[in-house]
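The two complexes that follow have chain A in common; it is paired with chain B in the first and with chain C in the second.
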Partner chain A sequence: MNAPGVRSSSAATLLSVRNLRTEIDTENGTVTAADGVSLDLHGDEVLAVVGESGCGKTMLALSILGLLPRRTGRIVDGQVLFRGEDLTQATPARLREIRGAEIAMIFQDALTGLHPLQRVGDQIVEMIRAHEPARRDAARRRAVDLLDLVGIPDPDRRAESFPHELSGGMRQRVMIAMAVALDPAVLIADEPTTALDVTVQAQVLETLARISGDLNGSILLITHDFGVVAGFADRVAVMYAGRLVEQGPVAEVYGRPRHPYTAGLLASMPRIDDVPGRLPRIAGTPPNLVSPPPGCRFAPRCSLAGDICREVPPETRLWPPDGGVTVACHHAEQVGAG
Partner chain B sequence: MIAYALRRLAITVPVLVVISFGTFWAAGQISSPTAQLTLNPRISPETKQAYVELLGLDRPLHVQYGKWLGNFVTGDFGTSLVKNGQDVWPFVERALANTLLLVAAAVSLSLLIGLAVGTISAIRQGSLWDYGSVTVSFLGISIPVFWLGLMLQLFFGLYLANWLGVGPPLLPTAGIYSPGQQGFDLLDRVRHLVLPTLALSLQLVAVYSRYMRASMLEVMSADYIRTARSKGLRESRVVVRHGMRSALVPVTTQVAIDIGQLVGGLIVTERVFQYPGMGLLFLDSLEGGDYTILLPTVMIAAVVVFALNLVADLLYGVLDPRVRLGRDRRVARNV
Partner chain C sequence: MAGPSSPHHDVAYRHSGEDRNPGSGPTPLLAVEGLAKHFSTRRATLKAVDGVSFTLEEGRSLGLVGESGCGKSTTARLILRLLEPTAGSVRFRGRELTTLSQAEMRRVRSQLGIVFQDPYASLNPRMTLRNVVAEGLRVWHPEADIDRRVAEVLERVGLAARFARRYPHELSGGQRQRVAIARALAPGPSLLICDEPVSALDVSVQAQILNLLADLQHELRLTILFISHDLAVVRHVCERVAVMHLGRIVEIGTRAQVYGNPRHPYTAALLSAVPAPDPARRHDGRRVQLSGEIPSPLDPPSGCTFRTRCAHAAELCAATEPELTPRGVDHPVACHFAADLPLTPAP
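Here is the complex of A and B:
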């Protein structure tokens, strides 16, 4: 599908975020929600962006499709290259073509994310007919099939339901069915299971994993849950205070974190084979993004931080140089070394 | 839904009884049916007494009320005390038809303009249009109807024609037909409807556009609007099918509830434009001391307002599936 002559960083790179800076106006001032974020999503892979609440991961996701809050959010710098085409420069009409059909999105809370006054079947039909000249009854049959695909029992009848008549898990499945309706190349899932009960989370994740296996697309998974990442993603990008601090294959990053923040997060996870006791935690709280610290944003909470960390933002670099992991830390060599 | 409608209807009945009794009592206080007889020196006390007994005016109030209510409910509106014993119903019927036409014209025009203005204000929040419409709205809410009516009469009935140097006034300023008009004439009727409709509409446009703006602002920041955009829908579809569809639910209810508040403006408008509707009939019968016409006028107005409120409630259920009420999922609403 790559247009000839269009340069992209890798032939298999589907979506490439380049040095993205996104600002959001808040009551307390303008926040740089994403500050120089770069990441690549390759074909047929699941890339997870993990970080705690407020680190900017949702705004990163919304930036990709130009869905930032209209009055308060804006992309101030950088590119979002989809198959080499910069979406930040795309016309509204071109963006509309891509939204839903090429890059689809699953939102966190399906109760507020689905239209409360529209039958769920109609919401899927609308998605199909926005991009294809499908007849209403044909689109409707496809919608029912999609509901069946995501594991909704009695899909023919359920298509007639309103969102409030479905359980949380069912609603999220409807969201998934709608998002995959047009077999998009990229699926952005923003905390798809956060609003659900733990047992339902597992079922919905399983559905998402199964569907993504059936489809040819890639998934950009936004989550704060390292456990979800471990079971689901191929690669992981760790975000802290608007910046990516570490990016690489899940096994590599989990096996040997290069960034003190990643290391701290992993250390604070309960392990099934661990001796009971208090879990270690990362001291302090994330910085205020209205006026973030000048150097490394993690420096105020970091035990390895020196003068350079407080003054100079670390470059993102490969470490070790021959590995597949990039990290933004002045002291990556020392992390986990003792 | 039907059960809910019946329940609502059942609640309405006692309220109507209270209103009718209050009106009945008040009407008896402000005008005496025997005043005409007392003033007439040629009528003897015996004749007067016979008349009082004939009308049942010597009976206790609740008995009189019961008799009147029975007649009213069965559609027997009786004869007028003042208008030489003519039947009351034809007066009320004509007035009701005229008023309903005026209200329908004013409300439809106001909805059309108000909803559009409010929607555009909301999706262009903070724009010149938005500030402009806010300013005009406040003007519209602040201007009293009687003054606006007089200004409209002066402008369209006098000044405009003078400035343009044309002879007759552009629009008639009173009544529903030109003098001498025989029978029905659509154009003449509509021309007479224009100014009262405008007078009644300015405030409504102002209020409706405020409702719609507030409602749209809330809806357009909802998550499902973002979802709609993420589906690649056209912005017009996002605004109309997803935004307005939701925003109209509370607005519709509010509009129907507000119909009751229209009554005051209606009375003033009809008086200013000598528009022969319920408002004018109410004033005439009040001033003429004709409680036989006053009572049904007030009662019918009350019934219509209640009926519209009921319609508003049922409409809420039609527009919002979450309010399709079962016994256990009832949403508390003001009656």
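Here is the complex of A and C:
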């Protein structure tokens, strides 16, 4: 009902990722999980970063929050500007202050995000009191209000529940309640509904949309699901093999994808709203990020690829020049041109 | 590109045991009736599958669709007797499977292939692909034929014969699922049961596997029982669809009937909950929002098990459990009000 409409993108930029480069050490070598990623999250909007597993979208989220695995992950270049402050240079203490209060996060698996031996109400209380000098009973009342806000029936009693006593959908609602407890400006939601059944997913997305509307917060949604993006996000950034290949308003990108990967994915998806037939497919599989192809990373799977694509990484540019969509493809002009 | 007269198909028939003539009458390939599996815990009985009946004709595809815990995977395991049913009957080519001895069941299994969801868990990492694929062949195949047969099925699923020497870890997820399909096909089954075969795969790889399954169905005249939580995928693959809720089938019909004219409120709710990749649909206001969550199968509601989430529920629904009764031609629905409800079809 209350899905956020497309909002003006001229609103102030809250979070700006500039040319971010993140490396992760793996058993097989060092991978560049994010390679020159730039995006802007404006006030009061939902921006979705969509991509397949291993494309680097979760590492992008962790980079923003300063939560990369300590020994194996590092930001090697670029900036994460939150209200102008570069978080890549912030002290651990400053990052702790920001996380939860200014930028909150919801993970895919609520069971790992909640303490298994602590009642959910207490966890929210603790979260509030870690950041604010609130009295226990006042924090407690707020916790119950929050549970009510995210649509948990009988919130007074449910606050006394342990996580294992709640269903998957309820746990994810508790996570949302915790995330919005301190009224953060930015909510980063990493696959928030992927573990949920489809009817429960619909409920939780509805709740997220309503709450982001109520609180005037912005959401950075990380997902693999183009259907969820279509129903929920204002703008979309498509990520492939560590790079953003296309970025723009959802209706624009879905209506006329400019990157062959976006076009291929949208065409190859079995759709609930489509008559069955043979699915056009994308050949091959995503590249190994330890030794990615030198030019465009999609070139080995792309039917439009020429010599330049195999040698030179494409620049990110506006296409068409007067539109709102940026694309990183040498042949964007030809995509969808038949 | 072998047609129905391929060597593979002959192999399938030679070992089919009975009913050698495909045109010999209306016996369905698979007939499941009153199938049930109850698990007893100390406090309660969990009815994972509770009276499931359907038939599947040779060469056709049926989708079993529902949310987690609805009993769709348990149904598959009961058919294969990887689990022993509490009650009910499974007839394959007219032959009752539930009473076969383990030895007899092993022979029948060469006719029943299965592909599981997770190709990372289902392939033994210490075996070469040749041995993975040959696993089901050993029971009855002369050793000398095995290499030839492995190469044949690998090629059939789009993998070069040289893959036989490789190990699972050298493959991508999509390639692994091809191997899992090759393994299921190797003994020449006539029924292929696919349990969430593309759920663990990335979108760009899903289409490859779905197309492969469609090709196999046509080329080998395979019969497919396709189990999935994903209504978009089922719509793509299956000619007929059965919707399950808490251990029971609540609606079964052709693809056109179930998606185009759903008659059970649960089916309609499922269809409307699937997000279509089309931003224009966001505000069309036709979403059916279910309140509440799936009831616990340990303590299901009385009467219709969907009534606690159903906007149309009436007193009758709490008192009496609705039967799965036909609406129109071959479109049974288990809802007291199936004839009257204004329900929205898939977008």
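Note that the second predicted complex is superposed on the first by the 324 of 338 C-alpha atoms of A that agree within 3 Å, B and C clash if a C-alpha of one lies under 4 Å from a C-alpha of the other, contacts with A are read in each partner's own complex, and residues count from 1 in each chain.
Throughout what follows, contacts are C-beta pairs under 8 Å (C-beta built on N, C-alpha and C of every residue); 3 or more make two chains touch, one makes a residue touch a chain.
Note that this is a predicted model, so its numbers are computed, not measured.
Novice: Taking the superposition as given, does A:Val335 touch the first partner, chain B, the second, chain C, both, or neither?
Specialist: Neither partner.
Novice: Have a look at where A:Ala241 lands relative to chain B and chain C in the superposition and call it first, second, both or neither.
Specialist: A:Ala241 sits against neither chain B nor chain C.
Novice: Kindly classify A:Leu279 by the partners it touches after superposition: chain B alone (first), chain C alone (second), both, or neither?
Specialist: The second partner, chain C, only.
Novice: Give one of first, second, both or neither to describe whether A:Val325 is in contact with chain B, with chain C, with both, or with none.
Specialist: Neither partner.
Novice: For A:Val228 in the superposed arrangement: first (chain B), second (chain C), both or neither?
Specialist: The second partner, chain C, only.
Novice: Decide which partner touches more residues of chain A, taking chain B and chain C as the two options.
Specialist: Counting residues of chain A touched by each partner, the higher count goes to C.
Novice: Can you tell me which positions in chain C touch chain A when the two form their complex?
Specialist: That would be residues 67-68, 172-175, 202-208, 210-211, 214, 229-233, 235-237, 255, 269-283, 285, 287, 289-291, 293-294, 309, 346-347 of chain C.
Novice: Which residues of chain A touch chain B in their complex?
Specialist: Contact set of chain A toward chain B: 62, 65, 67, 69, 71, 92, 95-101, 104-105, 107, 109, 112-118, 126-127, 130-131, 162, 164, 178.
Novice: Hey, which residues of chain B end up touching chain A in the complex?
Specialist: For this pair, the touching residues of chain B are 125-126, 221-224, 226-235, 237, 242, 245-246, 249, 319-322.
Novice: Write out the stretch or stretches of chain A touching chain C in their complex.
Specialist: 1, 3, 5, 52-53, 167, 169-170, 197-203, 205-206, 224-232, 250-251, 254-255, 264-266, 268-274, 276, 278-282, 285-286
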